[in-house]
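Note that chain A is present in both complexes that follow, paired respectively with chain B and with chain C.
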Partner chain A sequence: MTIFVIQILNSFFYAAVLFLIAAGLSLIYGVMRIVNLAHGALYALGAYVSAWIVGSAVGHALEGTLGLAGMLLLLPLGAIAIAAVGALIEPTLLRPLYQRSEEYHLLVTFGLLLILEDVMKLVFGRTPLSAGTIMDRMGSIPVGRLMYPTYNLFVVAVGIAAAIGLWAFIYRTKFGVILRATSQDRRMAAALGINVSRVYVQAFAIGCFMAGLGGAVVVPAQAAVLGLGIEVLILAFVVVVIGGLGSLQGALVGAVIVSFVRTAGIQFFPEIELAVLYLIAAAVLLVRPTGLFGRA
Partner chain B sequence: MEQRNVDRRSFLNNLGVTVGAAAAATAIPAMKPASAQTPAAPKGKIPDAPLRLGHMTFLTGPAAVLGEPSLKGHLLAAEEINAQGGILGKRKIETITADEAAGTDANVKELRRMKLSEKIDLFTGVISSGNTPALGPVAEELGALTIFVDGCTDFLWDKAVPNPKFAFRITNIQSADGVTCALAAAQTWPQVKRIAHIHPDYSYGRNAFDHFNIAFSKLVPGTEVVSEGWPKLGTTDFTAHITKAMSSNPDLIVSSVWGGDYVAMYKQALRYGMFNSAKFASTIAFGVAPHAIGKDHPEGVIAGVHANYYFTFPPGNRWPANQRFVEKYYKRWNEYPNFQSDGAYHTLYMYKTAVEKANKLTGGWPEEEAIINQLEGMYFETAAGDLYIRPDNHQGYKDAVTGFSKNVAEYPFQILDPARMITIPIRNITAPPRWPKPGSGHNDPTATYNWIKETWPQVA
Partner chain C sequence: MTMTMAATGTSIWRTTIDSALVLVILAILPQVVDPYQTVLLTYGLIMAIAALGFNLLLGYTGLLSFGHSAYFGAGAYLVAFITRDLGAHSMELCIVGGMLGTLIIAAIFGFVCVRHTRIFFGILTLALSQVLWSLAFKFFWVTGGTDGIRVPYASLTLLGGLVDFKGGGSFQRFIYAYYYYVLALFAVSTTIMWVIAHSPFGKALQAIRDNETRARFVGISVRRYRWIAFMISGIFTGLAGILWVPLNGLTTPDILYWPFSGEIVFMSVLGGFRSFTGPIVGAMAFNYLKTYAIASTEYWQLLLGVVLVILVMALPAGIVGTAAQLAAKRGRSTK
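== the complex of A and B ==
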């Protein structure tokens, strides 16, 4: 029984991380119709920046002054940094390409992925960075005869808070209305006096913030390693394929499905752990080509 | 000839498994190994055109923490040789690098490009066992002299290139890795019955799994594999694999997860209490650049180094070649070498020595054929011990090592305890020359697997 409790918690943990990434990916596609291949690299960059900030704080004996709460508050700094990077990327690299076909978007964002990977290697080196202090301070809670890290529950909470926050932001604020209007018809939105360029920068920055937040919350539990963003990008695409590209609910449901199927695969079919995920994605595509919540 | 009723201790003694800082008696006949000394003046006229070398290793991705030390070892050797005027005093080394992370197909194209358009004289490096079986046949086809640093799968010589002419490899053969880990675990924890495995889902993980199991079951009767986890290479989330392994109530958890993946894995395993719930043995945990392993890593676990080399062993001046190498490497790179550094560094010196020996015989810059003749059967001093290049399969063999993790004050990271290193003569854990290869008389995973299955006694 214990094992199922822990595997379910593990699945929610991974679902929270996947949701943060997939929600950003979906938001950017929903508003700007750009498939951002660099999204995984932005997630990894968020992990590196957060690990670096936390690591520096620990190194400089700020640790005592900050306390656990202070250290946790350092994590979103990584996400804010990635949002700033996003606000820089959109007007310089993406804006000139909106009139062009999708292949150009893929080329540019893929190039960006490679550049970001090299930048991380150059700036942070090849040795993995860790922010494990945070996790160690939070300790573990006993579940039966096994243990579960308290920090992972915190990540699940962040995932839930982010889902609610993002939903409220998009469906309950004026900016959300503008965002949805722009997403539905860019020209009409512009004709109504909306500054579409500004909306695009903001949407892209929010998407990047989500990716950076994903990296920031995952790094105390794992470590920032080169190539961190690659596997997660693939899984995030599986999530949005299942959930429907451009849909927030889709990202949430997709993340939960992918995470639970992955855990079940590891537990029961270790030999085909990865294949199971693609089978599910293929099945969804056959039945609903636009994904569970996608619009045609 | 099946031996009956052998007890474990005497069988381990038969295998020559040595614990402690004592340098193991070598399995290779006593003769003076070639070493990297400044030779007498070369014979004949030597051209002064630079030598062009290709070095392929992981420069990006999670494997870079294992791959970058390979390039650093290579560059250090090249700089030293160039400072002495180059090979045979004339030909300086120019290195072209390639990122192995480009993928197998791209790597094959890159080797072709290096040979055909860059006209390289020697191709070296390569880490992944997924890549050498693709690159080996191409090197043979192109006639490109190649010394692989790693990518040590048995499959390369068992199947992909059964009769190599141009391809060599310097690190220990992969089957030795799983077997070494199994011998160390059987000697240390013979009471183990229930074993859980976590291995990367590709050829290396499968090889480690197979060879650990065959060797361990010979030494410890009545064992059972209670859990298997096959994470994808490049995964950083291991929580479900760890939970699954722990929930199976294992006595021992065995893993061959490596590089940045391993760093992420052990940090998660710590928080799940995995290292408190079972013994832990890894084939390659400490194969990464040494400083990548934090002091938070659990002490007293078997933390393998791919059965090759760890910089603290042999300690002090007991094996001067190691002391010299570590000092030079640290001075140049401000970090300590791993087994890839040792392999890449000594690849160049071994090549240099072969060229010098061939020059003595033929004069001038020797033909490739003459260099190959010198490499075949070469007995060579490295930081890791004496290395022997077996002529039949062009594979380098040296005594296998593994050890136990320990924190000491001298280093800001965790090391392998030099006082508890386990050394095993390689001859006793690998199939001898001409042992039937898979597909000829048996269908076991490797020749060594079949050899262990057929010839090792079952400990009662």
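== the complex of A and C ==
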């Protein structure tokens, strides 16, 4: 029974991280119809930058003065850095391509993925970076007869907060209205006086922020290694395909489904755990190409 | 959109003479260059077959597959299974078995994928190729996991046992014999693909690419044509995987992983996917580019990524397309 509870908690932990990544991917697709193959690399970059920031803070003996709360507050800096990278990428690499067919979108983001993978190798080296101090300092809480790391619960809370925050942002603010209007009809939005280029930069930066945040929250639990983003991208694809490309609710439900299937898979059918996920994605695309929550 | 898919205006004789000339040069090259260059050329020709197959979908049918690693990898693993588990030595047997197997996989995957177009098609091909990757990755007692399966060239024979590679100096003999073997298959594949692309079937595919609705009104069964194109494309890429294994000596899950599909797309765009010869030129060029990038810097992916981004931004027509544009411009200015 205890194991069962822990597996459920683990699933929610994965779901929170996957949701952060998939929501960014989905937002970018929803607004500018670009499938960002570099999204996983941006997630990995977020993990590296956050681990590096926390690592240097600890290294400079700031740990004593910082305290746990201070270190937790350092983590989002990585996400902000990724948002800045995104705000740089959109106008330079993506904006010239909106008029061209989507093959070119995939190619340019694939090129970006190759570049980012090596930039990470160049800047952070081959040794894995981790911010495990945070996880250690948070301790663990008893679940039945076993102990469970408190940090994982914190990540679940971040995931829930991000979901609520993003929902409120998109459906309850003026910027959200502008974002949705641009997403539905770019030309009409431009005709109404909306600065579409600026909306695109902002949307892309927010999407990148989400990916970076995903990396930032995962790095205290799991070290940043090379190639981290390549596998995660495909999982994020599975999430948005199940939930529906461009749908926020879809990303949430998809992330939960994928995490639970994965946890069950690792427990009961480890050999075909990944294959089952890809097959689910293929089946959903076949039966309902717009996903569970997508619109045509 | 103006597109010159074939040598329009020039006669079929001109094309034949040009290709014969290229073949003669390719046949002489190993006598002139050193064995290492011969190996590189062989890899280039093999990748050209893969890109040629891939481009039947992208260039002619307008479907961007991001999962062609599946067919390349399937071909490679089938050869490994045939030599290891069936104890076969004949390369021809490997080719026939591998192509049949790839055809079955392409038929199943294609049947599913052609129900969609554009981005959904791309994601579907990607997801299905990753099913194969995860199976090769996880069932290590069958596939060797990340270690892969070794396929030693010495255990193979070419031309039904006429050519074998036992005894001293066999690697040198293998390199030369295998180069001509691959060159012959490359010539046959290119000819077949040229005929397909210029047949009524190929024209129908182009009609589907340019305007699906009109093609349907003309009476073309769009989904069936796409499915057939998908299978042909898969077999060609599978053949490339089959030929690649003995040269590489080893097959690992890397060639089933989705970044490898990205490389196949990269090659076709590098050469120019709007022309028949583009993917061939692109595959050869990419092969050299990657080899020298890996040899000269640890950060070769960075280099390749920058090349790809520049290509998409500045030269979307690729090498062949840009050369054609330049030639056309010069032709106008001299008139």
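Criterion: the second predicted complex is superposed on the first by the 296 of 296 C-alpha atoms of A that agree within 3 Å, B and C clash if a C-alpha of one lies under 4 Å from a C-alpha of the other, contacts with A are read in each partner's own complex, and residues count from 1 in each chain.
One rule holds for everything that comes next: a residue touches a chain if its C-beta (ideal position, glycine included) is under 8 Å from a C-beta of that chain, and two chains touch if they have at least 3 such contacts.
It should be emphasised that the depicted structure is a prediction, and the values quoted were computed from it without experimental measurement.
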Chain C versus chain B on the shared chain A, clash or fit after superposition: clash
First (chain B), second (chain C), both or neither touched by A:I89: neither
First, second, both or neither for A:V35, with chain B first and chain C second: second
Touched partner set for A:G132, first chain B, second chain C, both or neither: first
Partner chain(s) touched by A:A236 [first = chain B, second = chain C, both, neither]: neither
Touching partner for A:V225 - first (chain B), second (chain C), both, neither: first
Which superposed partner A:L72 touches (first chain B, second chain C, both, neither): neither
Chain B versus chain C as contact partner of A:L97, first or second or both or neither: second
Chain B versus chain C as contact partner of A:L112, first or second or both or neither: second
Touching partner for A:L286 - first (chain B), second (chain C), both, neither: second
When the two complexes are fitted on chain A, the stretch of chain C hitting chain B, from 115-123, 187-195 or 241-249: 241-249
Doubly contacted residues of chain A, that is, touched by chain B and again by chain C: 117-118, 121, 230, 270-271, 273-274
Contacting residues of chain A [partner chain B, same complex]: 2-3, 6-7, 10-11, 13-14, 17, 117-118, 121, 126-128, 130, 132, 135-136, 140, 146-149, 151-152, 218, 221-223, 225-228, 230-231, 262-263, 266-267, 270-271, 273-274
Residues of chain A defined as touching chain C within the complex: 35, 37, 93, 96-97, 100, 102-104, 106-108, 110-119, 121-122, 230, 234, 237-238, 241, 245, 270-275, 278-279, 281-282, 285-286, 289
Contact set on chain B toward chain A in their complex: 59-65, 68, 101, 201, 228-232, 234-237, 239-241, 243-244, 246-247, 259-261, 263-264, 267-268, 270-273, 277, 289, 291-292, 294, 296
Complex interface listing, chain C residues touching chain A: 58, 64, 66, 112, 115-116, 118-120, 122-124, 126-128, 130-131, 134-135, 137-139, 257-259, 262, 265-266, 269, 298-302, 304-309, 311-313, 316
